[in-house]
Amino acid sequence: MIHPTATLLISCPDQRGLVAKIANFIYANGGNIIHADQHTDFAAGLFLTRIEWQLEGFNLPRDIIGAAFNAIAQPLGAKWELHFSDTIPRLAIWVSRQDHCLYDLIWRQRAKEMAAEIPLIISNHPHLKVVADQFGIDFHHIPINKDNKAEQEAKHLELLQQYQIDLVVLAKYMQIVSSDFISKFPQIINIHHSFLPAFVGANPYHRAFERGVKVIGATAHYATPELDAGPIIEQDVFRVSHRDEVEDLIRKGKDLERVVLARAVRLHLQNRVLVYGNRTVVFE
Amino acid sequence: MIHPTATLLISCPDQRGLVAKIANFIYANGGNIIHADQHTDFAAGLFLTRIEWQLEGFNLPRDIIGAAFNAIAQPLGAKWELHFSDTIPRLAIWVSRQDHCLYDLIWRQRAKEMAAEIPLIISNHPHLKVVADQFGIDFHHIPINKDNKAEQEAKHLELLQQYQIDLVVLAKYMQIVSSDFISKFPQIINIHHSFLPAFVGANPYHRAFERGVKVIGATAHYATPELDAGPIIEQDVFRVSHRDEVEDLIRKGKDLERVVLARAVRLHLQNRVLVYGNRTVVFE
Amino acid sequence: MIHPTATLLISCPDQRGLVAKIANFIYANGGNIIHADQHTDFAAGLFLTRIEWQLEGFNLPRDIIGAAFNAIAQPLGAKWELHFSDTIPRLAIWVSRQDHCLYDLIWRQRAKEMAAEIPLIISNHPHLKVVADQFGIDFHHIPINKDNKAEQEAKHLELLQQYQIDLVVLAKYMQIVSSDFISKFPQIINIHHSFLPAFVGANPYHRAFERGVKVIGATAHYATPELDAGPIIEQDVFRVSHRDEVEDLIRKGKDLERVVLARAVRLHLQNRVLVYGNRTVVFE
Amino acid sequence: MIHPTATLLISCPDQRGLVAKIANFIYANGGNIIHADQHTDFAAGLFLTRIEWQLEGFNLPRDIIGAAFNAIAQPLGAKWELHFSDTIPRLAIWVSRQDHCLYDLIWRQRAKEMAAEIPLIISNHPHLKVVADQFGIDFHHIPINKDNKAEQEAKHLELLQQYQIDLVVLAKYMQIVSSDFISKFPQIINIHHSFLPAFVGANPYHRAFERGVKVIGATAHYATPELDAGPIIEQDVFRVSHRDEVEDLIRKGKDLERVVLARAVRLHLQNRVLVYGNRTVVFE
């Protein structure tokens, strides 16, 4: 657990011998697999797998593993990512005025539920600087309006580079991020306060109330150019009744948003999420 | 429990003294309230209540209760329904080819989970006659196509009248019932195989699979002219993962459909559902 | 919502006319009922109700309401409590080393999800003083061992009096509170990290792992002299699998503990919980 | 899906190269793996895996596969089972008076949710013969009392042999099966109407009501000599409230019992359950 591991996330046209070839690569080099999971999407003809092994006793040096595996992957037509468990990803959390997901993510990082650093908080409002200060995290207030969006997004990008950010978490950031921005920085997880695809867009709790639903939900997904349409990582729901006013839905929803976003970020940070098409495989 | 009760379902512009006036009516006539529940929709300025009391020892004869209560209700501007627990409602179950909800409803009725009679099954296919025969229920095969719809719906109506049906349960009846029919027979509960308002209309499981959701659902609602848009009585959901193919969603969904429809029908039969606007109050 | 309300919680031997008598009392004095709920436990022959009405326009002054209602209650043999919504209860949170429930309760109080003041944190360890300082709450470190328990509990009591505490929340306080203490200060809510009555006592997650359960839970209950046997206010559960090690159960359990405890405390603070025998009626 | 597959369930002391050796065995013989999952219990030092591959194109004849794999398994100290998807297991369902699980299992088998034959129903009461007749299944009424238990269990065993039964499903069979019987026929799945380990033994719903729980559950597990203590396959729960009388718990519990038992039986029939110690790995 404390010993570093390597993880391969692989997607590949389905064919005979894939498990054997990948497992042989690790075994031949002295690796001990501690977690292996696979999935075949028969309709898409696609084989997807996640393999994690201990680096201790592994004969290939870290900087060679990628090239060595590529020699196996290329003939198979495989796409792959390689991650090391002791490379700690750096998160930027983007917020607006609501603080519940922000507090929750910071608490989980401090409690070591997530292996990550959180050096940067960005907001279009100044209100949550107090939380950033409380935990000693840099806070940048970048107001957005329809006229300054392109220029402010340039500042966003600059900050992400400056802080060497690996993942942006939109923790109730109530602004639409532009397609252009996403194409330049695609590693973005968003929390949407409905069980998508119901209630895409603004004011989902108000619309849930008006529709008279008996269940509300929250959805964590990767951001894509189309609003609230990216690959879903995690969803959960909560029962409500006629007794719940809109403000009750909002309050109960916050508990959902916290846990759904936290689970999605944790799964992503553990390299358990593989995206293909508009779907995710989550190797739990 | 075995002694008969009367139940009033009342909706009324909110004003002082409503609980007192209604409770006094029952107390003054010697009634013993065994269940009372109320809800105020402050935005709508509406007071909604359900009161159930024992008829034993109640001084008003049954056929007078309505008129007597109306004298109180009218000055308040209240709408009300009066039901007696020993009046057993008569159900028609409409099906197509799938038998899971049909079997389930029949089993529950036989197991006395629902106080109802089921004298009639209607289907646009002949396949489930065998189930009807198994339990000695009349089965009418009324095929539907775009040319004969109006005329077949006339037959439907005639059958409902002939069998003195109080409630139609669309138990996976894969046809759209016309607005005209609904206006003539509005007591219809439908089960839709998604968590509405997601995936209105055809093939919700296929669309859920394509969207890559992590949760599927089912919704029981009253039928209204707009498709899958009527007041929701009950919803529930089930977790799914990338391992679930469309056929797994369909299979898991059947378990949801069965319990969600059964709960909604039972709540309706116990006069626990009050519709106002496009919403329901469910007095559980 | 912002206007103050009064709430009566009443339990009473079941008899005719109870709803009428109570509703008349409020109506006759010009009160507007905004929430009324009742429950009859037929086996126990007990009627239990919660009634909340607006004080604005109510003709009785606050300090008279109790005496006036008692004139009605006494002949009925009723027990009752009267609460005013603008009397803000004072909480003491007791913790050991784990901070998740503490942070959560403080956050909810600041977010106005709970109408309460939190002037006091007590712990048998010094670790969480930092959290208390962060939010400007007094922190008292009172170490406990088998020799000093009686004397330290005397200090506890003194602090509760000094801070005028209405409710103690055992937010993962990993010590047994003595019967003697509970008899002197009975308003105590505890969170236990299992779905009681499974895994009473120490190390429930380890025992859940060993038993190989597929579901873990958390239970909020009032403390009573018998360990983990008090009236249950709220419970919830989470699915687990063979992939979850004990530390995963602990981590997932923390999310349960937070929400289950918070819901129970909120329900109690809103005077929605009525205890009778070893059971609760929760008027949601 | 329609092409037959072979499945290996393997448990083995953890060591390097296990995945590679097993995958190579299948690849070298021309097999196409369609499902592979593994789990390592680090505390127990145990590697557990399930591998399923298509028999079409596999070079080893069926009757040789076991011996061939054993040559690999023995040096590793592995225990293993080999199953073929077109070998349809034969179930005996044991019931007492309640019919809900019986109907449900029969319906699922007819609906092809479970690949199994159900040639035999055994009961200690005559009541459910009518269900057996309805579906053309042999029914044997074998009354049990404390004096005739050993002799009646001998009849049970004889019937299981005569009907070539692979799995006994105790579908609300309200009798304790003796240790002696279990040692002779260990393939038994039982449904218990509580979330074990809460409420072991008789009358769990009555005891749940008395304890005032807010959640009820059901547990499917393999029968072992100790009552309700065998390896758990599946559990699920349902929320209840003070409004639920014992009979409501029983009614709501039936819905749980049906789905929990059905899921467990299906998982077992698909060879997805691996027992070790008193725990299960469920390869979903």
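For clarity, chains are labelled A, B, C and D in written order, and residue numbers in each chain start from 1.
The rule we apply is simple: a contact is a pair of C-beta atoms (placed from the backbone, for glycine too) under 8 Å apart; a residue touches a chain by one contact, two chains touch by 3 or more.
Predicted model, so just to flag it, every value in this text is computed and none were measured.
Chemist: So which one's got more C-beta contacts, C-D or B-C?
Modeler: Spelling it out, more C-beta pairs touch across C-D than across the other pair.
Chemist: Please compute the angle of the rotation superposing subunit A on subunit D (C-alpha atoms), rounded to a multiple of 5 degrees.
Modeler: So the angle, rounded to a multiple of 5, is 180 degrees.
Chemist: Taking the mean of the C-alpha atoms as each chain's centre, how many Å separate subunit B from subunit C?
Modeler: 37
Chemist: Could you tell me the distance, in whole angstrom, between the mean C-alpha positions of subunit C and subunit D?
Modeler: 41
Chemist: Tell me, which residues of subunit A touch at least two other chains?
Modeler: If we look for residues of subunit A contacting two or more partner chains, we find 42, 243, 284.
Chemist: What residues on subunit D touch subunit A, complex-wise?
Modeler: Result: residues 16-21, 23-24, 26-28, 30-38, 40, 42, 239 of subunit D touch subunit A.
Chemist: Please name which positions on subunit D make contact with subunit C in the complex.
Modeler: 39, 41-42, 195-199, 210-215, 217, 231-237, 241-243, 245, 278-282, 284
Chemist: Which of the residues in subunit A end up touching subunit C in this complex?
Modeler: For this pair, the touching residues of subunit A are 99-100, 103, 107, 111, 113, 134, 243, 251, 255, 259, 284.
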